Amino acid sequence: MKPAEIQAYLQQKLDKQIEWHEGEKNTGDPWAIVEPDLWVDACQLARHDTELAFDFLRNLTGTDRPDDGKIEVVAHLWSYVRRHAFVLKTTVEREAPKLSSLATIWPAAVWYEREIFDLLGVEFSGHPDLRRIMMPDDWVGHPLRKDYTEQADYRGIPTSRPGYVTAMPEKVDE
Amino acid sequence: MEFIYNYLSGLELGPWATSILFAMAVLVVAAAVFLVALTIAGFLVVVERRVAGRVQSRIGPNRVGPFGVLQWLADGLKLFMKEDLVPAQADGPMFRLAPYLVMVGVFAAFASVPFGMLLIASDLNVGILYILAITSVATVGILMSGWASNNKWSLLGGIRSTAQIVSYEVPAALSILSVVMLAGSLQMSGTASSPGIISSQGGWPWDWYAFYNPFTLVAFAIYFTSAVAEGNRTPFDLPEAESELVAGFNTEYSGMRFAGFFLAEFANVYLMSAIATTLFFGGWQIPAVSLAAQAASFWLRLVGLAIFVAKAAVLCFVVVWIRWTFPRLRVDQLMSLCYRYLVPIAFACLAGNAVYLLVIPAGSTVDNVIHWITTGSFGLLVLVFLWRVRFHIKRSGDRLDFDLLARGEKGSFDPAIQARPYGKFRRRHGKESA
Amino acid sequence: MGALVNYFAAIGRSFVTLGDGLAVTFSYMFRKPITIQYPDRTKLPVTSMLPARSRGILEMDAGLCTGCTMCAKQCPIDCIHIEVKKDEETKQRMLTSVIIDAAKCMFCGLCVEACPSGAIRHSHEFEGAMYDVQRLMLSFVDQPRPVAKPPKKDAEVVTAPLGSFVRKMLYPADRQGPPRTGGGSP
Amino acid sequence: MSEPTQTGAQREELVLNMGPHHPSTHGVLRFVVHTDGEIMRKAVPEVGYLHRGLEKLAESQTYAGYMPFTDRINYLEAMFTEQAYAMAVEALLATEIPPRAEFLRVIACELNRIANHHITLGCITMDLGAYTPFVYLLRERESINDLIEALCGNRITHNYLRIGGVAYDVDNIWLGQLESYLDHFEPIINEFEALIVGNEILIKRMQDIAVISRRDAVAWGLTGPNLRASGQDWDVRRDIPYGAYPQFEFDVPVGPLGRGQAGDCYQRFLVRVEEMRQSCRILRQCLAKLPEGDIKAKVPKMIKAPKGESYASVEGARGEMGCYLVSDGGKNPYRVKWRTGSFSAMSIIEHTSPGLMIADLVALVATLDVIAPECDR
């Protein structure tokens, strides 16, 4: 099925309005946005419906949108059975981002959600093992947020190296 | 040793003086044997590195001394200069003691290993039994080092090693038993008057115990496999399996203590090769020279020494070469190889040999024909192997090259590389797309 | 019976496959080794054996630099520092400093592509091990000099041999540089 | 090393800390291994030691300037990351790539795939204790690195692709060198098989070990050779064709091949050996069909992608290498996310490890071909 057909199919099955977006010049991939409380239902449907049969969670990630005060969570789906792709999104509030976990639908989501939790700070309810994955456990902040500023040092180790070009003495050769 | 004792007794110096002189002589001989064993082990390190280099299409260390033969001295010096670390949480005395135990186990065995006719520190009448017994002391050292390091990887390595060595002593002993049965003696070397294992074999390959009958050939294969396993060499190097246990029982060791383990391992390689030469390959026997003739002539004994060392060197090479070819087994597979394959087959060989001795009279025509057939089929196997070697070289489009020491560098650089016409693409102005 | 056949088949298979593996490794005893004895026993210096596109440490022919600072703008990690000042008296644009941080450079070649005059280029030098990281701050302009005119399209530009600038800086004569390799017989 | 912890009623569990520096954790990677003697109860991978924030870095780079950073995501398959990124940007820009550039990309990628499989297969054999095959394969890889160095100037982090094409053209001399390399390399695969692939010890170490069923492989998002070894017939190059791949004929090796069952370590090994052969086949077709023409499409000097997003995936050497790119219309990417094969492969280890021995964990990690920098980014 084409992405637009999938969107229509989802809309009909879920009996809810699903937003449909495309790129500015119709380039790239179109995507559908569902409400956060529909997120698990939509994914459940996408996984188990025989028409859709999205058995492969290709990618699950997030984007920070400080202008809208939202964080988008994006799932790229692929079906080995039906051979079609779909981009499904949802948005959560930036202040207290909370979403239900997809770990029971696709086990692959376990680590992806850990990554989103670590780098963007979205909390997934029902996740079996929600810990930081990339950063140390006692790291402050979520690096992929647009307003993130790095702490100056971590346990006494400075987080930046002085730029030699800018901090250069006039004479290099002794 | 009996020589010395008899000689000293003959001087009639009185019991005290004889004993003291004898004790001094023992110390001198022991030091000599230790030094010889140490040198052999060191030289084997170089051989191993050079062979590994050639096998891996490299050159190997060739800078220290002619062709790199003094590399082991440089390595040893480096290890000697390093700090001798004992981890804070380790069991200090045991940690320090372990390498010596391992070394004692291996080097003490050299006392009863022949180098040539009459050239043996002590030709015990229970020689092979003594060697089997004394090498087991090394196990204690390895387990001790694994335990005392207070490192879980070391502990796992030590435990693996103990399980492995204890298990593989069974097939090794069984296959040795086949030979002992044929020779009717436990003495390693022996002379014409007191027959030992070597002196009851002959100089020609078909007189060797390895080619005595098919059972002994298989017994040799089993002994060799078990010996490799007892020496913790690939494919049985689980106690120090690098990719699994970091470095196994010697993870925490450095400096001289590590060198102790290292030298013991290589001394053990020579030890097992020498034992195999003694048991299966006729030792220092020279073809067409009788025992009495060799005993009489110093030069013939020297030739015998050369023959013995050459045979042992070939076996050492095989051990090294196997190490650089095979992957290693898993722990349970190692045990199943021992108890499912080696032990039953070794028993079968032992039984086969016993029946052979009963049924076929020694020295009869049938006996001789079986010797020749066994030797011939082994030769055929070697020929097939050499044909495969030739085949592999040809198939990958390579040429034969007999520069074994890889001295020649000539022609290895291809000047055509420099003549590649990419010359000016950066210097030319104007946006070249390339 | 089947179990017994399997038992001996496994032994036989092991012998054949292991033996063939041994034959392969043994065959390498009779082949030429592939390695060369870098750095002192190669026939030519390794730097002159590299292909022409090889990206070594960056160098700048300050005589060709037009002062457009395209390289510094293109550099993703800001390892090039160029200063162009207008001389108060002559109204001439002067190149006052060109510094390349070779320790930071990631050898991507984007600056070379951007350069309109071919002034910045990758040399073939790669032996940059130093006791002090400051020595990898390569300065290509000693005193202010007027910038060059951009060359005409498709004009041949004559420059000094590749690596002649950076070599002076990395291995000055008064310091002991790495052994200049080659020529010697093995 | 922590003290052994008491779990359950009577049996003690040994908690081993495997890594971050351990000979068989490729890169810097840690496993917390709970063992009962040699048998593992569980092995939990702890990643992140090589997190360099390459996704965050993209936000401060221009579209063209991010290209060299993509090489660092996985230094063993830099061409694939470049290709995925270039494709994602080109999808937003709707750029047409000249056919010669597409062919050159295929040549570069397939060479890179062979070079990568050299390392993978070599590491598998080395982790199982055989050092020499690794050296032989490294030697072959050096030849490929020489070719790639002559092509684009760098041996590992290539920075060869550009948005809209490739950076450098090839000439007949280089193509001749490539052809003679292929002539040389194809018999080497046979030699490799004689040395190690059929080796009984190696087969015993890998056959029926750490079986991942097709169902599990799909659910955990395994891709590439790992997925194919489990029996799922899937290859991005063939099934979601991109670039010049529709013009080539090649087979997709799918387990079970030879001995063993689908999804075990030996299958993952064999699939990769077979893939090297298929890559050689594609390269030969490239040499025969290489069209003339431009190597780079016209793209603006300062690229500004239109608002929107794209997801481009290529068949990398470790599975699907995907690049998710969000643009806000500015000159920097708004968000770049890498979907890499190692990340998914790493996540299945905890699920597969119970009941294996420590030595099997090494085989599992090696055959899944997880590379820490690709996982951590």
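Per-chain numbering from 1; labels A, B, C and D assigned in written order.
FYI, a contact is a pair of C-beta atoms (placed from the backbone, for glycine too) under 8 Å apart; a residue touches a chain by one contact, two chains touch by 3 or more.
As the structure is a prediction and not an experimental result, all values here were calculated from the model.
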Chain pair with the higher count of C-beta pairs in contact (B-C, C-D): B-C
Farthest chain (mean CA position) relative to chain B: A
Separation of chain A from chain C, taking each centre as the mean of its C-alpha atoms, in whole Å: 39
Separation of mean Cα positions, chain B and chain A [Å, integer]: 60
Chain C-chain D separation of Cα centroids, rounded to whole Å: 26
Interchain centroid distance [CA atoms averaged], chain B/chain C, Å: 46
Touching two or more other chains - residues of chain B: 55-58, 324-326, 392, 420, 422
Residues of chain C engaged with two or more neighbouring chains: 18, 20-21, 23-25, 34, 51-53, 122
Junction residues of chain A - those touching two or more other chains: none
Complex interface listing, chain C residues touching chain B: 11, 18-37, 41-44, 48-49, 51-53, 112, 116-118, 121-122, 151-157, 159, 186
List of chain B residues in touch with chain C within their complex: 51, 53-59, 321-322, 324-326, 341, 385, 388-393, 398-404, 406-410, 412-413, 415, 417-418, 420, 422-423, 425-430
Chain D residues within the chain A interface of the complex: 47-48, 51, 53, 55-56, 59, 91-94, 218-221, 232, 234, 239-240, 306-311, 313, 320, 322, 324-327, 329, 334-335, 337, 339, 343-344, 346-347, 351, 376-377
For the chain D and chain C complex, residues of the former touching the latter: 61-62, 64-69, 71, 132, 139, 142, 146, 149-154, 157, 159, 167-168, 191, 194-196, 198-201
Contacting residues of chain C [partner chain D, same complex]: 10, 13-14, 17-18, 20-21, 23-25, 34, 50-55, 74, 76, 106-110, 113, 122
